[in-house]
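The letters A, B, C and D name the chains in turn, as written, and every chain counts its residues from 1.
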Amino acid sequence: MHAAHIADASFDPARLAACAEAIAAAGRKLGAQGLTPATSSNFSMRIDDRHVAITISGRDKGALTAADVMVVDMDGRAVGTSARPSAETLLHTQIYREFPDARAVLHTHSRNQTVASRLYASAGVVHLEGYELLKAIAGHTTHETAIDVPVFPNTQEMPELVARVEAWIRAGKPLYGYLIDGHGIYTYGRDMAEAERHIEAFEFLLACELDLKRMRS
Amino acid sequence: MHAAHIADASFDPARLAACAEAIAAAGRKLGAQGLTPATSSNFSMRIDDRHVAITISGRDKGALTAADVMVVDMDGRAVGTSARPSAETLLHTQIYREFPDARAVLHTHSRNQTVASRLYASAGVVHLEGYELLKAIAGHTTHETAIDVPVFPNTQEMPELVARVEAWIRAGKPLYGYLIDGHGIYTYGRDMAEAERHIEAFEFLLACELDLKRMRS
Amino acid sequence: MHAAHIADASFDPARLAACAEAIAAAGRKLGAQGLTPATSSNFSMRIDDRHVAITISGRDKGALTAADVMVVDMDGRAVGTSARPSAETLLHTQIYREFPDARAVLHTHSRNQTVASRLYASAGVVHLEGYELLKAIAGHTTHETAIDVPVFPNTQEMPELVARVEAWIRAGKPLYGYLIDGHGIYTYGRDMAEAERHIEAFEFLLACELDLKRMRS
Amino acid sequence: MHAAHIADASFDPARLAACAEAIAAAGRKLGAQGLTPATSSNFSMRIDDRHVAITISGRDKGALTAADVMVVDMDGRAVGTSARPSAETLLHTQIYREFPDARAVLHTHSRNQTVASRLYASAGVVHLEGYELLKAIAGHTTHETAIDVPVFPNTQEMPELVARVEAWIRAGKPLYGYLIDGHGIYTYGRDMAEAERHIEAFEFLLACELDLKRMRS
């Protein structure tokens, strides 16, 4: 076990540096958009098959530098550092394990995301349909589509959340992003630019959905 | 046909450079206002009678540079480049063909525009009346006027959309801007400054209209 | 008449320069807050008893420089320039004539101001009460006060508007600011800092009032 | 009494300088977020057991420098300066006396804070429950908690407000922050970073609560 852990520590430092810089830049951009209040949110990138670069717990995400990023293995254990990763690290590593193409995972915590999560928690899903911007989600080439964003119950027990996400995937349902009740959204992309596009698209679509719900009720 | 295409490629590179710079500056300004989420939106300027400078598909509109702009002819075909223009290029070239004074076309995709387009899709039009800011739309010198912004059904088939826009114009109705359902707005101006003023004015007027609808219902 | 006009042109150029710089700075600040869409809004400062520095018509108020400011006399006539002052110049000069302490006048055109003006047009007044921020309006030292902001009908005939404002003042009612229906707000201060504080306070108070109206209905 | 006052004036100038810089930086950050309209809001830090650095009354909180900060003693009297401290200084010194760990106090005045204070004034409390971001308030490690934010009646008599805050604390109720009716919020932290996190968290939680109230009614 110890030997395995040592083996895990062999990653490319140049790739880590590039990931840390991309994570910090994404944090500053999303922070400026108001999506990361009060040190919430966490961001990561895949370094290689066994390592993930992820934000250290508790940092101000709108003022990130590369020094706010650490390395974990695919089981969420810190590698080569005594820093503490985000409490939600296992949700990141799950996405990298489930989706081999995923190279960046973003979790933000905006007002629209939190409000939508609470309003749709009992339904368990936000159904998005009729928007041109659905095309911004990878793999969609027309607005004549629909995307279901699941809303999972909140818990401080990560294995519970991991199990719920896994159950959704095992049921064969597509997963482009998910909400946690009273919390924010998780999404991912094949690179950081795609993950950022997904965050912006989901934030926009949830905001529109809330506006329409307000106006039509 | 091939010869004609070659003839099309003769445009003034200095004019293209000026257009590309103006387009990039407009994109950064509108992007900072949150009107271009998730690489949506597209912008263009008329280079001459046969050429249009237009944003390349898929770029982040809030971080545009002149290198994100390409040339198309009035049929929407790429000129002198293998880059791919916006899927909605034909809506731009239609405006340049229909309105000889139009020198800049802007398409943005804000939350207010999308929500208004969906709420007024069945009516087919947003009727704007009683606002001082109607004077910001070219040709209007008093608030005692009204402007109808048509809302066309969304489709991925551009010729269908082109035909709907054409039918509106052929019916003799003024067209200062139009919405597409679940999508954003198109407007234009005699120069980029006027097109930007139109975008800002329509965004403002639609936002007010949504607020009034919310408050009065 | 001509001689009188020449006499009018004798003002202190250093004072004009200081006013123009203060106006441009205020414009950039208020523009960044989204209060001046689509080249709307206009700003002025008193140069001396007979001259006012005011924004030239049609400029982008968020990108003002001192070159966007011109001089008018107290009858609103351009002094020493062929530039065209704002169509609403007479509303500015009226305030300088009516209130000897007024040295800066600001007119902005925000979404909240426009929506409030339309919702309260039939009542003719927005009644503001119970807010700590009423203390930000000059002369108020406690929140246990109330301020009535009149809403005048919109017209392109400035003498009509001037007469309505004058009637309000002649009736002995305090005037800290006023709305025009479908339009924005006018307010003033003993210097530019106070006028800016008044704009920020009214924008805030109208926004809160709209929120409360929405929530309580 | 006089001798005691002189003794009070002996504080570490380096600590004052550090506090003043931290206060100015916090003001610029919170001002940019729109939380300090029209020179409202006030901020302070504990210098030592007997001294507090606090913003001078009436300054623009979004453009603060260290020169806008002065020293008061624990009774709220100016120390070594003729500047006038915020009218609400006694609310700051109360927090430093009641909570020995408190080293920074922030009072902001946002639209959401004011609207929430008025809507919940008759209930006397805003009950926050079910939000992941409750974990951003010091001492909370799970979202399965609830925080009551009291809403006190507004008054210009500070001793009255001080007495109401004291009564809440003497009743044994936790106090992480409180609202004043028609006014803003007060919160504090063990350092400026924690106080800022608390302001951001309360602003976010109140905004969500207002959205949910709007949507569910």
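The working rule: a residue touches a chain if its C-beta (ideal position, glycine included) is under 8 Å from a C-beta of that chain, and two chains touch if they have at least 3 such contacts.
The structure displayed is predicted, hence computed values, not measured ones.
Traced through touching neighbours, the fewest hops from chain B to chain D number 2. Chains that count as touching both chain C and chain D, per the definition above, do not exist in this structure.
For the two copies, chain A and chain D, the CA superposition rotation is 90 degrees, given to the nearest 5. Counting the residue numbers used at the interface between chain A and chain B, under half appear in both copies, so the two copies meet with largely different residues.
Separating the CA-averaged centres of chain B and chain C is a span of 33 Å.
In whole angstrom, the spacing between the mean C-alpha positions of chain A and chain C is 47. Within chain B, the positions touching two or more other chains are listed as 214.
Chain A contributes residues 34, 37-40, 60, 109, 111, 114-115, 118-119, 154, 156, 180-184, 210, 213-214, 217 to its touches with chain D in the complex.
Contact residues on chain D toward chain A in their complex (touch as defined above): 33, 130-133, 136, 141-144, 193, 197-198, 200-201, 203-204, 207-208, 211-212, 214-216.
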